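Chain naming follows the written order as A, B, C and D, and within any one chain the residues start at number 1.
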Amino acid sequence: MTLALSVKEIATKIEGQFPGSVVEPSQDSLVVDRESLFEITQFLKTSPEFDFDYLTGITAVDYYDYFEVVYHLASIKHNHSLIVKTRCYGRDNPTLPSMISLWRGADFQEREIYDLMGIHFEGHPNLTRIVLWQGFEEHPLRKDYW
Amino acid sequence: MTILNFNLNSIQYWQTLPPDWPGEFWWHWLVFTVIIIGFVLLLVMGFIYIERRGMGRMQARLGPNRTGPFGLLQPVADAIKILLKEDIVPTKADKLVHWLAPVIAFAPVLMVFAVVPFQNGAVLADLNIGILYVVAISSVTTVGIFMAGWGSSNKYSLLGAMRSVAAVVSYEIPLVLTIASVVLIVGSLSLNQIVLAQDIPFILLQPLGFLLYFIAGCAEINRSPFDLFEADSEIVAGFHTEYSGMKFALFYLAEYAEALAISAIITTLFLAGWRGPLLPPWLWFTLKVIIVFFVMVWTRTTLPRVRIDQLMALAWKFLLPLALINLLITGIEVLTLPAALPWVMILANFAIMVLLVLLWSKFFRLGGGRVEV
Amino acid sequence: MALRTEPFVLNVGPVHPSTHGVFRMRATLDGEVIVNIEPVFGYLHRGIEKLAEERTYSGIIPLTDRLDYLASMSNNLAYVLAVEKLAEIEVPERAEYLRVIMVELQRIASHLIGVGSFLNDCGAFFTPFLYMFREREKVVDMLDMVSGQRLTYNYMRIGGVSQDIPDEFLPALDKFLKQMPGFIDEYDQLLKENEILLARAKGVGILPKELAINISASGPVLRGSGVKWDIRKADPYSVYDRFEFDIPTGTVGDCYDRYRVRVEEMRQSLRIIKQAMEQLPPGAVRSEVPHLLRPPVGEAYGHIESPKGELGFYLVSDNSIAPYRCHIRAPSLINLTALRDMMIGWKIADAIIIFGSIDVCMGEIDR
Amino acid sequence: MKFERYGIGIAKGLRVTIKHLFHHPVTVQYPEQRLNPSRRTRGNELIWDRTKCTGCATCAKTCPQGVIKIITSVSTEENKYVVEKFEVDTGYCIFCGLCVEACPYEALFMGYAYERAKYRRGELVQANEMLGASPERRPSGYMHPEIAAQLPRQTLLLERITEEE
């Protein structure tokens, strides 16, 4: 059984490492500040204790006020998993650091989120539309798109 | 050698046929042209039928069975359909080359049959350099294929055409070398005399030669597993991607006519041509041709396709050395072995074939076992 | 004399015999060797994630059929698992077993197509493909018997399955289990040791273990690279923890390994089905679930090992009759990330079989 | 290409294909030979039983595609709904069978036949009496076990092969 790690413990650990980065350690997911997102995921990936070598998936949810980007992390070695979330405010040009340097699997998923949600991932080498055509202007998965 | 039993009377038969008639040899020419065209067209249709039905059955389905009894008229229906289709020429195509290519691809194939004997002496022109003529004329098809690839102005076509040229140039060499070893035994280049010399079919005297010729022939005429020039899963349809209607029909015809030509030459060179007991010679000939073609269908059904570099490696590293060795051994045998003992030659040749194939299988590795790109 | 050469761009697709749908590879070729390749897709984009936001929870099930249309049962299962997790619904035991049987049958059917079309891409002119279609037909017959349709089964329901199996199902399944190993042997006889196939597929398109993990590959692509990671074992859903089966893995991560992993997985699926059939308990197949389900506010991620890889549904509920957000983690899409790494340096003919060995389904990539 | 196996692999493959040449093919000749579809088949258009329908419109609510259009009026004497129009645009129907499953009065059925081509697009929109059951439009046993029991047994490829052997 994949062990869902206790978010509280990780939150305190990360808070020690990167003060002020954890926004809210909720029941099953770790919501972190978007400034320190990359450092935290890097720490989660590289530290031997967690060793999250497998990025199961990335997705984004539009809550009108903010976009919540959800990272499902898993470790094949330890067989445990964690959900990391970050919030990204502003509808015009929301930006987040790209995870592609940590997990190459983020490549198409980030492009898809950019395409459908309109979140920019800084550092992505080829952030273009993936399922819609290049001239398309809107981002259809946003809640205000009809 | 006793196996070289010349039947001069029968060769003179056709030469004495027409002089009483006005027009002299032109009658002979006319009759045989009609026979050849009829034979080729009919057998090509037969081949298409055999291929589609045989393949269907091997693939656990039926194959075409709607047109005519047992679907026999399917090739006719296909032909009519294909002739009625619109002839599309791509805008950027080299129009003249595009138009000329199917003609150049098809005509030489038909010309090959000029020297193939259907029965003793029944041949349009019993050239004394018959097999040389076949080798020379059959390579012209490649020009047509390359013209098609170039003229279509399509990248897939070009890739197919390039593959075709590369492969045909390579495979011509083992092909000619195996023919040479047959010619060495017979002592004549005339196909009729090659047949007449086969009291024992040369497949027994030249087992390795037959194997090499079959493989090289398959590669030359674009049959699976060497069908890379029109590999449908890779380059769509290769050189004839941009062809439709009548021109496509010509390519289609040329493809099967080539298969027929190679089958006919294999039959003539290795399977004793029209010779056989009981049945009339032309029927024997047709039967053998069909059997050879069936083997091609069988391999096509079973085998995956090789890659272009593997195809070239096979030609240069496997077929060429073996063909050379085969030629050498045949030469030694013709010189030293007494003609009265063909069975010694048969046994020796089979042993040599098995030995060589096993040995080369061990030697033969792409890039010496490295993975090459 | 130095010949001036220049690379040229070849568009493999969108309409091409071996792209398994409308998929385009923009390949830059140097002669026949691939210098650069860029996958282009989206031709089949139907906006399923957006559509799902407007449908009731049960109305999404037919939508999931249309994701990976070669493995509808698996999609159904992944979705209903996510909803059940979200709404905390108990599923009757018999339904769990039926789900396992159906999903494993579906895995066999999907792998048959995957392997068949891979071999077809290698150039074995439709023979393995048609042989495998013959067996797939038998699976489809059985799934048709249960669900009433041959492709879009729409069989799983939130809290169970739609109907109990008919009486003639179990005898048919039994017969299938007896026949199928022989047929798998036949496929192996046909091409497993074929020299040409070995030459074509061995050592071609190698995906190293570390890269496979880094690239989030899943399913046979990941296992072909030698990673023993199968969600059925790692995070057992439904009743998978009650069955004994092995995870076949490859060693090198080349096309041949992926092909072998798929064939071996079919055998393992037969094992699972056999055990599930023996343990199948009587009882109800569906628990009482309100027609218009309103799950509590929250989110759930349900994932299964679909034939193509890890298929996950991430659902966010706002206590209405439709999900607030429904994200689909499509294995085919993510497995495609590896495409470029595997293909560069190989020839165009290899590119086709590498793409075939990933075994993608366009319905899932574009969604 | 390595020939370390001396062509044995190729020979094995050739044996399999030649064996199939003498096996009976598995395909059927469709217009002449028809296989019985599944008893639960969700083929053809919907079949609607006017007598059982109460006009509750549960089917229309369930339909994920929204192809069911139902117009009712209230009959005060009988104290029930009267269905004025029950229209299904089968061109949009995805044959998921959710409406049949949802119908509380068992007034809806899936069709049993599988040939449903029409010459005109307008014919795909079917309403009222067109949706009734008839000898050509038999209901299938989807979600109706009592009907399934009467339908002919489904032909299975699984069984046909073994009979032939």
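The definition used in the following text is that a contact is a pair of C-beta atoms (placed from the backbone, for glycine too) under 8 Å apart; a residue touches a chain by one contact, two chains touch by 3 or more.
Owing to the predicted nature of the structure, the values given are computational and were not obtained by experimental measurement.
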Chain whose Cα centroid lies at the greatest distance from that of chain C | B
Approximate Å spacing (C-alpha centroids) for the pair chain A, chain C = 25
Taking each chain's mean CA coordinate, chain A and chain B are separated, in whole Å, by 62
Per the C-alpha centroid definition, the whole-Å distance linking chain A and chain D comes out as 44
Would you pick out the residues of chain D that each touch at least 2 other chains?
-> 1-5, 7, 10, 13, 16-17, 20, 26
Residue numbers in chain C touching two or more further chains are 127, 131, 134, 190-191, 194, 196-197, 199
Scan chain A for residues touching two or more other chains and write them down.
-> none
Every chain pair meeting the contact rule | A-C, B-C, B-D, C-D
If you look only at chain C, which of its residues touch chain A in the complex?
-> 41-42, 45, 47, 49-50, 211, 213-217, 227, 229, 234-236, 241, 301, 303, 310, 312, 314, 316, 324-325, 327, 329, 333-334, 336-337, 366-367
Contacts from chain A onto chain C in the complex sit at residues 1-2, 53-57, 59, 61-62, 70, 72, 76, 79, 81, 83, 103-109, 112, 116, 129-133, 140-141
For the complex, which residues does chain C have touching chain B?
-> 8, 10, 16-18, 32-33, 119-127, 130-131, 134, 190-191, 194, 196-197, 199-200, 203-204, 345-350, 352
Contact footprint of chain D on chain B as seen in their complex = 54, 56-62, 65, 298-299, 301-303, 306, 310, 313-314, 318, 357-358, 360-362, 364-366, 369
Contact footprint of chain C on chain B as seen in their complex | 55, 58-61, 155-156, 159, 224-225, 227-228, 231-236, 300-310, 366, 371, 373
